[in-house]
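Two complexes are shown next, each including chain A; its partner changes from chain B in the first to chain C in the second.
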Partner chain A sequence: MLSRTAENLFWLARYVERAEYLARTIDATLRVTALPNTYSGQGNEWDSALLTAGVAGSFYNHYDEANEANVVEYLSFAPTNPSSIRNCIEAARLNARSVRTALTGEMWATINSAWIELQENWSKGAKTREQLTAFLRFVQETSLRFDGSAYRTMLRNDAYWFSRLGVHLERADNTARILDVKYHLLLPEQEHVGGPLDYYQWSSILRSVSALTAYHWVYRQTLKPWLIADLLILNDSLPRSLASCYGNLVRNLDQIGVAYGRQGPAQRHARGIRNRLEHSDMEDIFQRGVHEFIQEFLADNSRLGEIVAKQYLI
Partner chain B sequence: MAVAFDEMNGPGGEVRQAYQELSRWLSETPPEALTHRRQEAELLFRRIGITFAVYGDAEAQERLIPFDVIPRILSGREWALMELGLKQRVRALNMFLRDIYHGRDILRAGIIPDDLIFQNPVFRPEMNGQAVPHDVYVHIAGIDIVRVDDENFYVLEDNARTPSGVSYMLENREVMMRLFPDLFARHRIAPVERYADELLTALRSVAPAHSSSEPTVALMTPGVYNSAYYEHSFLADKLGVELVEGRDLVVKNDEVFMRTTEGLKRVDVIYRRVDDDFLDPLTFRPDSALGVPGLMSAYRAGNVTLANAVGTGIADDKAVYSYMPDIVKFYLGEEPILKNVPTWRCREPGDLAYVLDHLSELVVKEVHGSGGYGMLIGPAATKATIEAFRDKLKREPEGFIAKPTLALSTCPTCTDAGLAPRHVDLRPFVLTGRDRVTIVPGGLTRVALKEGSLVVNSSQGGGTKDTWILDE
Partner chain C sequence: MRLRISHTTTYRYEPAATGVIQVLRLTPGSHDGQYVADWQIDVSADTKLDMHHDAFGNVTHVLTIGATEDLTITAEGLIETNDTGGVMRGTDERFPPQLFLRSTDLTEPSPAMATFTREIGGAEGDAISFLHALMTRLNDHMTFDSDPTHSGTTAAEAFTLRRGVCQDYAHVFIACARAGGIPARFVSGHFLRADGEVHQQAGHAWAEAYVPSLGWVGFDPANAICSTDAHARVAIGLDYLGAAPVRGTRYGGGLETLTVAVKVDQAGRQFQSQ
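Up next, the complex of A and B:
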């Protein structure tokens, strides 16, 4: 397939995934900030929402204060934020339009109707909390429909694999960012178990990767920070864990490699990261420092993006 | 202007044969049902994303072309004659182009003045003596036809460069079949869906002689911001070929390749929807970012076929148009089956004088214009507009031609005030391959939605209709 087509598919999937992640981040932050201070803590949750979205720097070029109104506006609708939800959907549709021929009708219809709805219903942003909730639900449903229609309707060929690469690379990045911002809450087993304050912080982390229910299924325990770290980093049964993302990345890259009869640096790099995740346990990671571990992972992950681009997309 | 011929209700008010069933159906169908279907159709088109861009209109980058749900119907007999006429005309166009870029018999015979060709900016000296596979220049032609009465069809213009609109012919039919299955069951309508197959066959048949038995075809688009981008992606999809932009192609050793995830892949035939000027910055406009450096060199080396060929603009030039009846006679020795609209060439002093005297009755068009821009419709224009146009015309007479305002036929059309007659034209698409000319029975019917308007262009408030050819 055309390199440009593969590139568009890859970015289309990334933008949709990112939009959903932003929606979940806002949603989780709204819940925590709605609690009385005794539960939600003193730290500014809206600041950490900006950090997990990776736009804390640019935000302050446009606003003075990280309050709910400003941050929601910036993350959801602001034209000045290149990765606001609105811009993600716009960019996703532009990419989709360039590769219509590689998409199934269902995928195109999903992204195109989302774009139309964005113009028709959300051009002025969300005025009330109710509207905001409806907007966030719309974004998450768009992503689910898009992912579902890709899964159900696409031929299993390179077009599908490149689009999956986009999903998993973006997803791994998102999960790692949350961990990066919240690592100070994720303590090893020996340390003190927090009070109610931490409990809501932890559940907020899980909520932003839609893993709160999954946690209970997997561990059948109350929320323990080291188990949350384990779930998000190493548990490959959780679709948004780093381990699961890398299992998928390696598989998709292998499928491409087999189809093209050639392996390359992208395959080797992804396998390297996956092997490191497979051979780690939480004790090692805590010993080396969660923060350092995540920093390294983020760098490796974005490096994979560059290698994939060089090998296939340019 | 005389009362226009209505294709459903004939001159005496009787329902014409081809419309009998539709007319009965319309009388049985409550108006709300039609309104409901209209909304459904609009929704479908929006979902599919069939849009076009209007240049110079930043507010509405993507718009829907209004679709009218009442079909336009032609009888099998009417179509059969039109088909013969179209094939004849396109054969002549191809022979004319071959001649202009080679022996120029028609100039030597004094049928067309030399300067009309050589002074013409759409004449491409790069094509002189250049062989093209099987002498086919115009692989895809869109011939605009209007009707004035029961018997007379006129060719309004020949589109021999990169005619668009065929996606509407195909999508309109799809939407109609979804919305009105019962109406279809009551007619026998010739299908249009094999257009993509015919097109692919035609394109592959003109691959360079030494390319593989499975030549690679690609469709080249200027990109997502082009007004016809939807159509480009739609066709690439139907053809099962890659939709490429200039930046996806690269020329090495006079061969054309596309950049793929598996490296470079050879391309044999390019169905290009990019104008000549933008094809290759090394040969044509150096500022073109849409083109492929070296493409013309590969083309001249015979390693890639471009469809349509470079330089076909000389055949659909509005001044050359006026010679079409002579062109048909000259190359084929036959009387033209389809009529030309009488045309005054403002470059000729006698014609110019007549046109200046009759501006309020005539349609005056720029020779190189398209899309309905920059034309004067005399009967509908104000005095001031006419006077301004008169100055323009005197300054540069060779840039204009004039035609009488034809009373284009009308078809019943949904309006806010119920069904009403609106003027229509028809663009059938004629495909020419190695050894045959084919036309899918149908075409794009464009309708001027404003009451009394004769301008059917989508950029100027025109809509489209499904076109039914009855299979009798």
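Up next, the complex of A and C:
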């Protein structure tokens, strides 16, 4: 396979995953801000939404205030934001078009019709709450259809594995970012608080990775910050946890290595991260500092992105 | 290197045993020099395999079965290994290295071994040279022979016999290293033989010693080399008993015969690019 093709497949999947994540972030933030101030806390939720999306810096070049209208506009529709939902879908479709023949009909139809719908229905943005909700649902459903059609229709070869690499790298990055922005809420010192404020904040973290129900299945108790961190970092069975993303990354890279009869730094680097996650427990992580752990993980994860790019995509 | 490993243990009980309990340490873990691509355990009888981690971080399975005449346990899979020059990184460390100075019945040094260790000298200063010298001398001192020793032979007995299998080499090495004040532990696993022989009578065993500047380093005194990408590491312990692949007991039955068949082969060659 040409490295250009691999690169298109990788980024196509990454952009779709990112669009879904942004939609979830907006959704979760809308929920928290709908609560009275006493519940939603002192901090500006829209600021932290910008932080988890990693666009807080560029936002203030275009807007003065992080309020609902501005942030939703910037994260969803703004042409000036390179990773707004609109731009993600456009970039995904561009990538898909260049590798049209490596995709199945279902995948192409999903991404192309999403792009057409974006032009037809959402070119003016979302004016009302109802419209916004409909838009966010449209984005999440696009991602589900795309992921589902890839899972159901793609031949299991390097094309599939490269697109899975994109999904899981992006997903690990997103989960780690949420933890990074919200980690102060998960620190053990907060334990004694445990008021409604924390409950809503914690459940919003879980909601943003659709893990609220999973949490109750796994732990069968009220929301406890260190268990939330345990679920999102170390639990192998939660699809959006860091451990699960790395389980998949390591497996996909191994399959690529076997198929090509050659492996290198990407495989070794991913396995190293996977080992560290496998041999960690939450007590160690809290002792060494959640913030430091997440920072280190984010650096390692983006380093893997660079190594994969160097080894396969350029 | 990609190693395809299969390890079959067969027990035959005459007359039939009324109950058998076994603890299996047959499942390898991952570290920076080793990635387990695929692994499974098959048992010939209907049973539930309860997975746990023991104190050293080894993956263990406990199996309990009722009346039986024979029992076959097969562990097999694919392990991808890298040569790290014997230096172990990314292992699951649950204790400070000093714990592995603790002596056991199987690794109690005899006076002759203490003298042997003193003659090498230098354990206080340069641990790595001492360990290499120990490995080379020990390999000269002993001859590989599977006849005179068995799984309960102590380090001191094997040292006096000057004969033994990889397990005895490892025990003597561990006992001498500890006598020199260096933490050392037993490793059970598999080894791809350089002579191309795929079928083996048993798994392999070697040792790891703690060098402050490097961390844990694998030494294979039976082959007089540090562990390489031909070594697949399965379990660690203070001695053989702590890392034994299968340990257990049975109710009833009379004579018990045990056969072990191990196959270690290279699966599809791959190139490593740096």
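Here is the rule we go by: the second predicted complex is superposed on the first by the 310 of 314 C-alpha atoms of A that agree within 3 Å, B and C clash if a C-alpha of one lies under 4 Å from a C-alpha of the other, contacts with A are read in each partner's own complex, and residues count from 1 in each chain.
In the analysis below, a contact is a pair of C-beta atoms (placed from the backbone, for glycine too) under 8 Å apart; a residue touches a chain by one contact, two chains touch by 3 or more.
The model shown is predicted, which means the values in this text are computed figures rather than measured ones.
Visitor: Will chain C clash with chain B on chain A after the two structures are superposed, or do they fit?
Guide: When both complexes are placed onto chain A, chain B and chain C end up side by side without any clash.
Visitor: In the superposed arrangement, which partner chain does A:250 touch: chain B (first), chain C (second), both, or neither?
Guide: second
Visitor: Looking at the overlay, what does A:279 touch: chain B (first), chain C (second), both, or neither?
Guide: second
Visitor: Just to be sure I read the superposition right, which of the two partners does A:137 touch: chain B = first, chain C = second, or both, or neither?
Guide: Neither: A:137 stays clear of chain B and chain C.
Visitor: Regarding the shared-chain residue A:268, is it in contact with chain B (first), chain C (second), both, or neither?
Guide: second
Visitor: Let me test your reading of the model: by the given contact rule, A:1 touches which partner, first (chain B), second (chain C), both or neither?
Guide: first
Visitor: Given the overlay on chain A, how many degrees, to the nearest 10, lie between chain B and chain C at the CA centre of chain A?
Guide: About 110 degrees between chain B and chain C, seen from chain A.
Visitor: Using the superposition on chain A described above, determine whether A:97 touches chain B (first), chain C (second), both, or neither.
Guide: Touch status of A:97: first partner only.
Visitor: Minimum C-alpha distance between chain B and chain C after superposition, to be given in whole Å.
Guide: Result, nearest C-alpha distance in the overlay: 12 Å.
Visitor: Quick one: in the complex, what on chain A touches chain B?
Guide: Touch residues, chain A against chain B: 1-6, 94, 97-98, 100-101, 108-109, 112-113, 116, 158, 162, 256, 260, 312-313.
Visitor: Taking the complex as given, what residues does chain C use to touch chain A?
Guide: 2, 29-32, 35, 37, 57, 80, 82, 90-93, 268-274
Visitor: Contact residues on chain A for chain C in the complex?
Guide: Of all residues in chain A, those touching chain C are 250, 254, 257-258, 261-265, 267-268, 271-272, 274-276, 278-279, 311.
Visitor: What residues of chain B sit close enough to touch chain A in their complex?
Guide: 46-49, 223-224, 229, 233-234, 236-237, 242-245, 247-248, 258-262
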